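Next up: some structures, all given as C-alpha cells.
Both complexes shown next keep chain A, but they swap its partner, so chain B is in the first and chain C is in the second.
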Partner chain A sequence: MSRSYDRALTVFSPDGHLFQVEYALEAVRKGTCAVGVRGKDTVILGVEKKSVLQLQDPRTVRKVVMLDDHVCLAFAGLTADGRVLIDKARIECQSHRLTVEDPVSVEYITRHIAGIQQRYTQSGGVRPFGVSTLIIGFDPHDAIPRLYMTEPSGIYTAWKANSIGRSSKTVREFLEKNYADDLDEAGAVKLTIKSLLEVVQTGAKNIEISVMRKDGEVKNLSLDEISEIVVEVEKEKEAEAERKRGRLAATLAAQGGMLESGAGATGA
Partner chain B sequence: MESSFAITGKDYTLIVSDTSAAHSIVRMKDDEDKMRVLSPHLVMAYNGEPGDTVQFAEYVQRNLRLYGIRNNVELRPAAAAAWTRRELADSLRSRSPYQVNLLLAGFDVPSSRPALYWIDYLGTLASVPYAAHGYASFFVTSTLDRYHTPGASLEEGLELARRCADEVEKRLIVSGGGWKVRVVDREGAREIKLREGQA
Partner chain C sequence: MDYKSTMTHADAARLKKGEVNLGTSIMAVQFDGGVVIGADSRTTMGSYIANRVTDKLTHIHDRIYCCRSGSAADTQAVADIVTYHLSLHAIQSGERPSTHVAASLFQELCYANKDALSAGIIVAGWDKREGGSVYNIPLGGGLFRQPWAIGGSGSTYVYGYCDATYREGMSKDETVNFVRNIDAPSPTALALAMSRDGSSGGTIRMCVITEDGVQRLFVPGNELPTFWEGKEILPPPGQAAALQSQGEVMVQ
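Up next is the complex of A and B:
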C-alpha cells in the first residue's frame, strides 16, 4: 500500500536528536578521506583513493568531479548517493546559466546541494543522503578561492581548510596546527598532501590531488608529481626526526654529565 | 533580412550569419550575433521567430554542456544534430512550436571530418556540404551549387563566402548590416573576418 511510504523515516527522538541524520554522518565517517585547502589564489582538493582491486579498471573510479567549468566537488560516504547528488547539482548549474545567463556562484550551488540534502531529512519515505561534500571553486569574475562543506543534515559551512571521511578529525587537527593564510599553490598542495599522508599509509599511489586556479583551470596532479612531493615531505619528516633525536641525545648527555659530577662530588 | 549560410571544406566548416536585428521597419541593432557556440567543436546559427530563436539556442547550448560535464566528453556533431532535431520535432507537436531554423556547423574530431547540418522548424534534418537559411538561401544556394568544391582550403572557402555575401548584398532589398563569420576546425571554433577592414 503506498500510504505506508508517506510516513517520515527521519523523526525526532525524545531528546531532540535526528538519529537517521546522525547515522548518516556515521556512514560518512566510513568513507575515504577528502581534504580541501584554500590558498591565496588557488584551492586544492585532495582525496584518498581506495586501492583498485586487481581486476578493476581504475579509470572508472573518480572521486573529484566537475560540477561546472569553475566548480569542483569531492565527497565522502555512500558513492551512489554522491552520484545522484552530483547529477542534480550539475543540472542546476546549467539551469542557472540558462535562466540568469550567469554561472553559479560557489555559495549558490553549495546552498542548493545542502537544500536537497535537508529536504531528504524532512520527506516521507526517504532516508538522508549518506554523503558529505567538499565544494571548491571561484565565483564568476572573482579571484577569491572558495571552499565549502555540506553535511547529510543539510548544514553548509565555509572553510579555510577541512577534511571529511575516514580519520577526518585527525586530519582536521593537523590542518589546524599547520594551516597558514595566503599559502601559494605549492604550499597549499604540500599541506594537502601532508595532511592526507597522516591517513593514507600507502603513499602517493593512493592520493589524488586537484588544483583549481582562478581562471577556472583544473589541474589533476600526476602520480609522478605527487610522488615527488611525498618524497620531499618524507625527507623533511626524517630531518625533523633526526633533529629531535640529536637534541634528545644532547640532553641525555648533558644530564649524564651532571649526574656523574654530582656522584663524583658526593662520592669524593 | 535574416540570412545565414555555411560551407564545408577540407578540414573546416565556415558558418556565416548576418548581423542586423530589425523590428518591422526599424533596424534595432547591426551587430547582433546570431550564433551560439554549443561546444568546443560545434557552432549553431539560428533564424526565425525572435525570442523563440534565442530561447531554443540557449536551451540546446545548456543541454549539450550538461552532456559534456556528465560524460566528460563532447557530443559529436551527428549526435548533437539528431538530439536537436528531435527537440524540434517534439516541439512541433506541442501547443506552441519553436519557429526556429538552424544551421549546425561542426568538426567531428574522431573522424577528422567537417560536419554541417541543415535543420528547420519542422524537424527536417539534412547533412549537407553547404547550406543556407533565410533570404540568403534564394541567392546563395545557386552560387554555392556553381562554385563549391569539396576539399577546398580555408582561403578558398573564405573566397566563396565573400562571393555569397556579395550576391546577397547586391540582390537583397534590405541590408543585412554586416556579417559574422565563424570557422570550426580541429582547434575549435573561432571568429574570423570576412573581409579585411571589416568590423
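Up next is the complex of A and C:
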C-alpha cells in the first residue's frame, strides 16, 4: 500500500534525537578523509585518495570537484549521494548567474547545499544524504578565502581549518594544535599535507591537494610536488624525533648521575 | 509579400512596437589558429539610435563568442540561456566546450522558437579539436558551418566584396585586415557595410580568439576608412538659372 511510503524515515526519538541523521554521520565517518585549510590569501583542500583496485581506471575517481569557476567542493561519505548533491549545486550556480547576473558567493551555495540536505531530513519516504562536504572558494570581486562545511543534518558552518571523514577527529585535533593565522600558500599546503599524513599511512601517492588562489585559479598539485613536501615533512619529523631522543638520553644520563651522587650523599 | 526573404523586412515585421533593433553588420572569419569576429556598434529604435557604442560581440565561454543581429532583447535572452547551459556542460565535463556544442545550443533555441524570435546569430570560437570555427545561424534556425560568415542588415551590401576578397589560408593579421584594415588601400568589409546601411554604424568592435586568449580591437568612428562618398554631378549655378528662365528646368 502506497501510504506506507508517505511516512517520514527521519522521526524524532523520545529524547529528541534524529537517529537517521546520526546514522548518516556514521556513514560519513566511514568515508575517506578530507581536509580544508584557510591561509592568508589561499585556501587548500586535501583529500585521502582511496587505493584504486588493480583493474580500475584511477582517472575516474575524483574527490575534489569544481562547482563553478571560483568554488570547489570535497565530500566524505556515500559517493553516489555526493554526486547527486554536486549536480544540484552546479545547476544552482549557473541558475544564479542567469537570474542575478552574478556568480554565487561561497556562503550562498553552501546554504543552498545545506538546505537540500535539511529537506531530506524532513520529507516523507526519503533518507538523509550520507555526506558531509567541505566547500572552498572566493566570493566574486573579493580576496578573502572562504571554507565552509555542511553535514547530513543540514547544518553549515564556517571554519579556519577542518576535516571530515575517516579519523577526522584526530586530524582536527592536529589542526587545532598546529594552525596559525595568515599562513602563506606554502605554509597552508604544508599544514594540509602534514595533517593528512597523520591518517594516510601510505604517503604521497594517496594524497590529492587542490590549491585555490584569489584570482580564482585552481591548481591541483602533481604527485611530484606532493612527494617533495612529504619528504620535507618526514625529514622534519625525523629531526624532531632525533632531538627528543637526544634530550631523553641527556635527561636519563643526568638522572643516573643524580641517583649515584644522591646515594653517595645519603649513603654512608 | 514574402517577409522572410530579406533581413530588413523580416526585422520590421517581427519586432514589436518600441522594441530595440540590432540592425547590424556582423562578420566572423576563421583562420588557422583561431577566428576573427567583428561588428558595428549601432542599436536603433526606428530611426533613433538608442546606443551608438553597443557591444554586439558577446562572451559565451572563454574561447567562444557570438555576434548578435536582429532583436536586441531576443538575442540577449538567447545568449544568456546558452551561456547557462554551456557553463554547466563545461563544468560537468571538466574541459573547454567545443564551438560546435555552443552553436548547437543556439540552434536548438532559435529553431524551437523560430516563430517568436527575431535573431540572426554567428557563433565563432576556438577549441582544441577544430581550431577556429564559424557557425552561421540565420533567422529560421538552421546551422551552417562556414569558413567565413556575414550577417545583419548591412551584410547584404558586402557579399560581393567578401566573395571577391576572401582567400583560403589567410594568416591572423591578414584575416584581421580582411575584416577591418585601415592601412591598406583596399577598403574593409565592415566599414563598407556601415557606410551603406542606415541601421549600421558607429564604431567597429573586433575580437581575435586563439588558443592563448581573446584580444579585443576597437576602431573609433573618426578612424573608420572612408570610401567614395558619392557626389551628385549638378549643373553649374549660371547654367541652371539660364535654363530656368527658358522654362526648361523646374525650380526645386
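Just so it is clear, the second predicted complex is superposed on the first by the 262 of 268 C-alpha atoms of A that agree within 3 Å, B and C clash if a C-alpha of one lies under 4 Å from a C-alpha of the other, contacts with A are read in each partner's own complex, and residues count from 1 in each chain.
FYI, a contact is a pair of C-beta atoms (placed from the backbone, for glycine too) under 8 Å apart; a residue touches a chain by one contact, two chains touch by 3 or more.
Owing to the predicted nature of the structure, the values given are computational and were not obtained by experimental measurement.
With chain A as the common reference, chain B cannot sit beside chain C without a clash.
By the touch criterion stated above, A:Val100 is placed in contact with neither chain B nor chain C.
By the touch criterion stated above, A:Asp68 is placed in contact with chain B and with chain C alike.
Contacts of A:Leu53 after superposition on the shared chain: neither chain B nor chain C is touched. With both structures placed on the common chain, the touch criterion links A:Ile91 to chain B and to chain C.
Touch criterion not met for A:Val11: it reaches neither chain B nor chain C. Where the contact sets of chain A with chain B and with chain C meet, they give residues 66-68, 87, 90-91, 93-95, 97-98.
On chain A, the positions that touch chain C within their shared complex are 66-69, 87, 90-91, 93-95, 97-98.
Those residues of chain A lying in contact with chain B across their complex are 66-68, 87, 90-91, 93-95, 97-98, 101.
Interface of chain C with chain A (complex): residues 80-81, 83-85, 87-88, 91-92, 94. Those residues of chain B that touch chain A in the shared complex are 58-59, 62-63, 65-66, 69-70, 72.
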